[in-house]
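The structure under discussion is supplied below as structure tokens; questions concerning it will follow.
Chain nomenclature is as follows: A, B, C and D, assigned in order of appearance, with residue numbering initiated at 1 for each chain independently.
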Amino acid sequence: MSLLQALAYFFWEAVRNLLRGWRISSLAVATTALSLFIGGTLVLLGTNLTRAVDQWRADAQVVIYLAEDASSDQLAALRSGLENSSVWTQVREVSPEQAQIRFKQRFPDLAQVAGDLERNPLPASIELRSRGSRVQVAAEIAELVRQGAVAEIDDDGEWLEKMEAAASVASLLGLLIGGILMIAAAISIASVVRLSTFVYRKEIAAMRLIGATEFFIRGPFVVEGLVQGVAGSVVALAALWLGYYGLGGLELPWFARGALLDFFLSGGQTSGLLALGGLAGLVGGLIPLRERTGVFG
Amino acid sequence: MSLLQALAYFFWEAVRNLLRGWRISSLAVATTALSLFIGGTLVLLGTNLTRAVDQWRADAQVVIYLAEDASSDQLAALRSGLENSSVWTQVREVSPEQAQIRFKQRFPDLAQVAGDLERNPLPASIELRSRGSRVQVAAEIAELVRQGAVAEIDDDGEWLEKMEAAASVASLLGLLIGGILMIAAAISIASVVRLSTFVYRKEIAAMRLIGATEFFIRGPFVVEGLVQGVAGSVVALAALWLGYYGLGGLELPWFARGALLDFFLSGGQTSGLLALGGLAGLVGGLIPLRERTGVFG
Amino acid sequence: MIEFFNVSMVYPGDKVALSEISLRIPRGQFVVLAGKSGAGKSTFLRLIYRAEVPSRGQILVNGRNVASLPAKKVPFLRRTMGIVFQDFSLIERKTVFENVTFLPHILGVDARTRRELAERTLKRVGLLDHIDAYPAELSGGEQQRVAIARAIVNGPDLVLADEPTGNLDPDLSREIMRLFEEIHLEGTTIVLASHDPEAQKEFGQRLLVLDHGRLVADRPLRVMETEAAVQG
Amino acid sequence: MIEFFNVSMVYPGDKVALSEISLRIPRGQFVVLAGKSGAGKSTFLRLIYRAEVPSRGQILVNGRNVASLPAKKVPFLRRTMGIVFQDFSLIERKTVFENVTFLPHILGVDARTRRELAERTLKRVGLLDHIDAYPAELSGGEQQRVAIARAIVNGPDLVLADEPTGNLDPDLSREIMRLFEEIHLEGTTIVLASHDPEAQKEFGQRLLVLDHGRLVADRPLRVMETEAAVQG
């Protein structure tokens, strides 16, 4: 038999075995699918969470409340310092009047009360958005304080740090769990392939007894592993897709929507998932065949 | 054979089968262990994260910056209002001087600069910690603004909302993944038990042919499932324990430490995990035996 | 004790294995079932122990219609029989001892009595040496003898034996056939399928011959004095 | 062609299956291997096709020491042989057709030729009707004949047959033995283990008798005119 014929033979034998032993093989397919599904969910989550944190970082503000007695020189110096710095991506002045309007929007119940006040107690402020590291931002803030026109500085950075830590813990955990699960998938496929060699040990022994080479005996099992792995990843992708668009139809808190549902897997991630499934299957199909002590001893 | 003898017989048969077919059974044990490990990790994480968020909620402050021109009557009214409200768990006044000291501590590089300023630009403030819902807190804040002595209010609540949403998404996800994995564990044990009935189909047929009742034929398989499930949960607990104290030895960001490592599983959670494993095993052992079409047809 | 009423067996794919068999085997009879390969001998026996349900007709064992027996009762039917299967059907992962005493074990016989039972029975089939071996460690003929020992260990009322000497040499065959004869003399009904012309000539009281699923002969057997003449 | 030099086989647990066997089987000889159950017949054959490695001594097949053959080469040794196993060793999940043509298939014989080969061979063993059946759908004797068909389908130089007629009735046995005789006349070496006294009397050129692992007789056989006398 030529190599091509042999591969075709392996493939058909594998498909036949899988169809006949579908209860056995569905276990491996399910485990692989589950692993890749959870792995994929974590990748999806990681991607979306990272983007969300980036978004929040961009949204995070440093608010400078201006001292009421700041001189216009001081203010001009402050403004030009802010404009010329490369750290700030947005510099927006909020006058006491604007602050009051915003306040009324935020607490509509109090709009009347606020309007009644004899004097607007809200100070003028400048809202800044930053680019760059926390250290740079801190240095700039120090510089601002030095200028003297500043009454108070309110910085979202501390919270942002928490969110970033959360995102990085989530990513780390995702990688860890994903990795464990991929290994689990390979082991599971290996176990199923080994099992199927065990279930059919008599047949294998018979084939060997009548002169079949290891190549022909093992080939179908390797292909069986491969097919199971690929099948598992296809199932996982389908489930991810369904879950993604299924969640899309639900009422979710804005946060969850942002963190979960901004981006589906990219083409690269999709083919990566398929390749991982195939790899797990291939490894799973090969592991039990390397052992010289078992059925293939 | 009495029921007790029969149970002993089932147990020994199950142990014997498991030891002989350890490669098969280790798959089920591993799947169960993995499922329970991941489930347990998520429970651990959820517990710690929830506590961390509670902690942050307790730490979260509403800071009231006092208007410089507030009258002492206004201030007294504000103070007594705060003291008498049940929403605030802490009311701490920070004088401009204390604010300056804190500022110097926070930005030590700037300590000198700040000291050099002709006038302390930092306003007096009152730091509040709250108990109760966001709605209550918002209402109280509105009330404060009405008093007129307030220049600006800085509220950590928005960020806290994000963290709480993150924690609830994580818990939801944990429950979901944990649930899926527990089902997966039961299915996996079921598959392995079914497999082991399939692998030994000839033996089972032989036993049936010579007059063994289903009770005696199936008993060992049910016990086999149970033993596998319990073994899986023991392995999972051991892995959790090792992972927990292993992580404890690492350098982790404070955030991760708080969210991951404050509390190990409680006694209830531990026995819950064991019970879940046993249940998965029992269900897994029973499912294939209920089918009248398979080996047990 | 065993009655066939117009029994036919058609396997899936329209393979007729038995057609229109009617007969009566009284308690205590030693029946030899002959016929070419594929004639339906195994099927005949499989119907009696309800491994198969007849396509048509009725089979009564001790007055009970075995086809209509609920699945739950089948084990209790089989426990009254000792069965030697053509493919032995030994339990691979149990030793000879455990195989032979499997039924006594689940019936609650204690370990010491089981050992005694096993030793006595294995001695009869000449396998005492191999009591702790696994089936895979035995030769074909040895496995066959384990199957026979297992069938007779409990002193059943009815013994069904499918080709019990196919893997045995003539001397041993004759010994095993004598064993069946002995058990028969203790009052046991025996239905024994065999290709062995010796068995068919020397042993049993009645010969049934199947051909393509039909009962083509049913005649009494007498022990003939040919033993010396054919000695190998 | 086959040479045994002081071959002994001791199974784990100190079970001596063969001891100190030395003999030579020339190319083209038809050897009948006899002996009681457990005498070592299957072991003798298993050593030749390297299912077992002798504990002591050497076995040469076509001048090659089979014990020292690397594992990778074993399949190529076995392909030159046609082997009928005592337990048939059929491939359960393949049909009769696929079982018989398994080796031709992996050797690259195309589907049409395989069908032809299978049909021709199954006709010789009288099983053409069952070409698409699975082993589980066959009677004991039919399975045995599938095993025989598989062994001879490729026209091997050497045929090893372990009890190839144990499940067959006398007529069919004789037919199958004639088939071996025919193959032998085409130049094939045959080593056939059998309990069947008919086989031992009517067929083959040389009788080897084993007893408790020892070669106790090795004598030429002539076809005797007993066929009519023992007809069943």
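To be clear about the criterion, contacts are C-beta pairs under 8 Å (C-beta built on N, C-alpha and C of every residue); 3 or more make two chains touch, one makes a residue touch a chain.
What you see is a predicted model; the values in this text were computed from it and never measured.
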Check: Where centres are the averaged C-alpha coordinates, which chain has the largest centre distance to subunit D?
Finding: B
Next item on the list: Compute the distance, rounded to whole Å, between the mean C-alpha positions of subunit B and subunit C.
Entry: 63
Next item on the list: Provide the C-alpha centroid distance between subunit A and subunit C, rounded to the nearest whole angstrom.
Entry: 67
Next item on the list: Report the inter-chain centroid distance for subunit A and subunit B in whole angstrom, where each centroid is the mean of the CA atoms.
Entry: 19
Note to self: Graph shape for the chains shown, where an edge means the two chains touch. Line, ring, star, complete, or other?
What the structure shows: ring
Note to self: If I apply the definition of touch given earlier, which pairs of chains qualify?
What the structure shows: A-B, A-D, B-C, C-D
Notebook entry, point to check: Given the complex with subunit D, which residues does subunit A contribute to the contact?
Noted result: 1-2, 5, 9, 16-17, 20, 200, 202-203, 205-214, 216
Item checked: Residues on subunit D engaged by subunit A in the complex (per definition of touch) -> 49, 51, 72, 75-79, 81, 83, 85, 89-93, 102-103, 105-108, 150
Next item on the list: Please name which positions on subunit B make contact with subunit A in the complex.
Entry: 23-24, 26-27, 30-31, 34, 38, 41, 45, 56, 65, 67-69, 103, 107, 109-110, 113-114, 117-119, 121-123, 138, 141-142, 145-146, 148, 150-152, 154, 156, 159, 161-163, 165-166, 168-170, 173, 177, 180-181, 184, 187-188, 191-192, 194-195, 198-199, 253, 255-256, 259-260, 294
Item checked: Contact footprint of subunit C on subunit D as seen in their complex -> 11, 13, 15, 34-38, 41-42, 86-87, 133, 137-142, 144-145, 162-163, 166-173, 195, 197, 200, 230, 232
